[in-house]
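Structure below; questions to follow.
As written, the chain order gives the labels A, B, C and D, with residue 1 at the start of each chain.
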Amino acid sequence: MKKNAAASSALSTEIAGIKFQNPVMTASGTFGYGMEFGGYTDLNRLGAVVVKGLSLKPRAGNPGPRIVETPGGMLNAIGLQNVGVEVFLKEKLPLLKGLKCRVIANIFGETIEDYAELAKRLDNAEGLCAVEINISCPNVKKGGIVFGTDPIEAARVVHAVRRSTGLPVITKLSPNVTDIKVLVRAVEDAGTDAVSLINTLTGMAVDVERRRPVLAMSTGGLSGPAIRPVAVRMCWEAAKAARTPIIGMGGIVTASDALEFIIAGASAVQVGTASFIDPDAAVKVAAGIADYVKRHKTTVRELIGSLKTG
Amino acid sequence: MKKNAAASSALSTEIAGIKFQNPVMTASGTFGYGMEFGGYTDLNRLGAVVVKGLSLKPRAGNPGPRIVETPGGMLNAIGLQNVGVEVFLKEKLPLLKGLKCRVIANIFGETIEDYAELAKRLDNAEGLCAVEINISCPNVKKGGIVFGTDPIEAARVVHAVRRSTGLPVITKLSPNVTDIKVLVRAVEDAGTDAVSLINTLTGMAVDVERRRPVLAMSTGGLSGPAIRPVAVRMCWEAAKAARTPIIGMGGIVTASDALEFIIAGASAVQVGTASFIDPDAAVKVAAGIADYVKRHKTTVRELIGSLKTG
Amino acid sequence: MKNRIERLCEITHNKEVSSSYFRIGLKWQTPRIAPGQFVMLRVTDSLDPLLRRPFGIYNVIDAAGKASLRGTGIELLYKVVGRGTRILSLKKPGECVDVLGPLGNGWPLPRLLSSGKNRWGRHDKIIMTGGGMGIAPLYLLAKKIKTGVVLFGGKGRAEAGLTKAFKGHKIRIATEDGSVGKKGFVTELLKEELGPDSAVCACGPVGMLKAVAALADDAGVDCYVSLESSMACGIGACLGCAVKSGAHGAAANRDYRMVCSDGPVFLSRDIDWEAL
Amino acid sequence: MKNRIERLCEITHNKEVSSSYFRIGLKWQTPRIAPGQFVMLRVTDSLDPLLRRPFGIYNVIDAAGKASLRGTGIELLYKVVGRGTRILSLKKPGECVDVLGPLGNGWPLPRLLSSGKNRWGRHDKIIMTGGGMGIAPLYLLAKKIKTGVVLFGGKGRAEAGLTKAFKGHKIRIATEDGSVGKKGFVTELLKEELGPDSAVCACGPVGMLKAVAALADDAGVDCYVSLESSMACGIGACLGCAVKSGAHGAAANRDYRMVCSDGPVFLSRDIDWEAL
């Protein structure tokens, strides 16, 4: 599949001044550090790879079972296992050098200082185009608070990260809130350059024979096609309230799914759980968007937020 | 399938002093006024029928399309079409007379006075065992506020209904909130006798060819198996916080699904969307629970909240 | 108390009759069926796709092969348009599908058949007008109304192939590409056939039904249309399949009609065509 | 850049070999396969069930029917336990399934085969111990380690039927109901066979593996176990299939191993058996 310059620019999108060759990224935690998929898909055909959430220190994660399938989705309670920011910078990021797709680091901490420190370490990293802040992980209860459900705490995290890095900052929101618009405004006021959503919905599965939760941690994050209608709705609400670009995700499997988000207002999308089913899913989504754009004689930029209501 | 007295009492459950022959009810809005299913299932084998949400005046509902299928679920924006409380009492309720299952009326209003007035009209209705208050419908935006997402407004509704009827009051909660426990406490403090959850999650589907929402009302309520993990989690959280009995629902298709809720803390369950796929679904769920109870030599009452964690 | 029918029916045949159009036969000791009634099929027992799919009853098969409204099996005619119909098209004879039905009202046979001898004193000529897949429920109607005329409109040859079964009836065809019959829309044929004594029974895409209804209205004759809508339950419980009723319609407090239980056949003037 | 293998493979056969146990053949110009590796199958293209299902590679079929590790097809041996395996069992020859693999490490053949001549100076006797369905990945291993002994433990006759293919190998069987071979657990047989020069390769239920590992530990010999875990991706990306590593295990900052990419075969002392 060769793309000429015109077609490729019809697919490109821009977020916080960064240009992406197409609007399809991989979602954090579903694509490892990128190279895991190297043999199964063409990373050069992605808009960006968002790597597994990084913490200051390596983290071992939660005991198993960590995942369970649910109707049209899955629950996970990985516990944010990761190699830590230092190993990432030394061993993982360099492997992605020279690829046409961009790389975004996803970070999380247990304190605001953690977030700030992480942002600082990533600041001058070669090959990173942006930092995505995960304030919405429902699995780690340490410290007690879930930053992402409290607009004030969310704003404090964003503010701290904003001051610690020159990289564009994307804030990733949790769907487990009454009003997503309040969170969008809070993180925008705190200086985020873009908003991504949705992270997983908190859920639970019970093993009725053993009368125990299936997951060792009791609850986990629900992802996959099952959550897509909630994700599209929240993206639409967020896009209407936002001044900054929106990156939409939640249950995207096909190009048509991705287009729902883009038409509802997302400047880019992320493919998560679908990569488990088909490691080539994100590339196929990008190819399908290219077909749609050609068939409808339009561009991705024209499609963003083109939803007609009423 | 004959049930002897022992088996039947092993299945029975109690909510607000009312005894139900088994813990399986039909969910409001998914079972009409009961008789629609008369030819397809044996109403006598249900714990209770919860009828379509009633308002003071008949309501025409929303324009179509009102429903759309989604992965493992569906969105609906019926707009609470109903015959109104008077027609219900005169024409619908009497048809259910003489059945072994109980009948619960589900009500909603646009003002607190509406709710109070509705509760009053139903107060002496023969054949009703309880009133379920829908404070969580995401479809009707009239008046601006969604009672179910604001603990203070929710409490006001419950308080008003509580004062207007001698019937046990069940308050049905919305899942579209940051912390379900806050709502549970608010409606309990206001005097509800039981809590039912979850109502639908707000969602949206986009027709990418027409670049329009599929539903005429743009958004709708997501129901069906897709939402079950969220529903089980919320029931579990609610049950831990609650002093009153919980009625669990959201995506129940099989007896095993229902048992997830019961083990997580629900005293009864409601079957919703599944009745569209199989009009006999709720009865099959009840039969499956009977099998489980027999196989495990236990009772429904023992199963309630028997989840072991940690 | 459980007496209506929802059951696993064995597939007797499932053949592609024309490109992407299939005819499926289901073993089913049917109750009496009215032409225009439909069934809801569950095409999979997975949760995706989740909901049943509605299909008009195309034919009733009785032991003697006669045009009975009661039989030992039914046939459906369907087009593969999405996942549900694709799954259905892959099913083999001997496999079973879960059938809920017969559902809906169907065309008002007694009223239509009384042709001129009843108090309405018209309906001497029943014009059955089908567009594309909309021809399906008209077959059973045509079997009963032998004297009527069948008009068919379709895109081209593939769709026109659906009319083969109608030989023995007076049938006229229009195709958009002119490959079979008259070139143009079926409404052209309808204009030629419509008279003051006609009644129209129509099924097809909304655009076509709208045009047919307008013509019938102008001619001052009754027009019964069979509508489609997204459905979840098929039995009047979910209120999902609503269509708006027109000025002549139901009581003011009941602005919407359910396609599944009030329909799928409606008198065209009871429908608010603007809202469709 | 896209060079690893994920593709639609045609089913050549899919037969019930024993009650609810099936053997399926898939056409696949395989890369070199290590005994103990597995594949992830997508059994449906519906979204329910959503995830792929892991299955050990039971056999590699090469043109000449030889015990090659490279071939024109593979066979899997599976038991119907839920929806995914039921859907798989209904598939007919000629249909295709989407296969991702080969995945995981497999047993360390070179180390095992060097039997006594290597610097570890032991492994003169490889004891392959399978419990129930756990026999599947041992077949390919046994084909390569002709001198080894195969021990099988199962519930009864149906499961013991799985060992038929192993004729030509030294095989001993224990069944819980005593219907075939020795009555009791496979660990009884293992106790009899274990010697200071043995190495153990085992696959089966966790309880059995735990007991096998304990016996091997007591005897001071290497024990390689193949573990199972819930999996989403199969390629080390989701971190869903973690098992806790034991005291002798990996670095402190890496408490968990991924069954799909670090395993499924682990040295038993690298596993924290308490946490399983």
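A few points about this structure:
Just so we're on the same page, a contact is a pair of C-beta atoms (placed from the backbone, for glycine too) under 8 Å apart; a residue touches a chain by one contact, two chains touch by 3 or more.
Being a predicted model, the structure only gives us computed values, none of them experimental.
Touching chain A and chain C at once are the following chains: B, D.
With every chain reduced to the mean of its CA atoms, the largest distance from chain A is reached by C. Chain pair with the larger contact count among B-D and A-D is A-D, by C-beta pairs in contact.
Chain A and chain D have Cα centroids lying 35 Å from one another. Computed from the mean C-alpha positions, the centre of chain B lies at a distance of 47 Å from the centre of chain D.
Averaged C-alpha coordinates give centres for chain C and chain D that are 55 Å from one another. Counting partner chains per residue, chain C has residues 47-49 touching two or more of them. For chain A, the set of residues that touch two or more other chains comprises 71-73, 224-225.
Arrangement of the chains shown, judged by which pairs touch: all-to-all, with no pair of chains left without contact.
Residue ranges on chain B touching chain D, taken from their complex, read 71-72, 225. Partner chain A is touched in their complex by these residues of chain D: 1-4, 6, 42, 47-52, 98, 100, 229-244, 253-256, 261, 275.
The touching residues of chain D, when paired with chain B in their complex, are 47-48. Every residue of chain D that touches chain C in the complex is listed here, in rising order: 44, 46-49, 83.
If you check the complex, the residues on chain A that touch chain B are 70-73, 75, 149, 176-179, 201-206, 208, 211-213, 218-219, 222, 224-230, 232-233, 236, 251, 256, 259-260, 263-264, 292, 303, 306-310.
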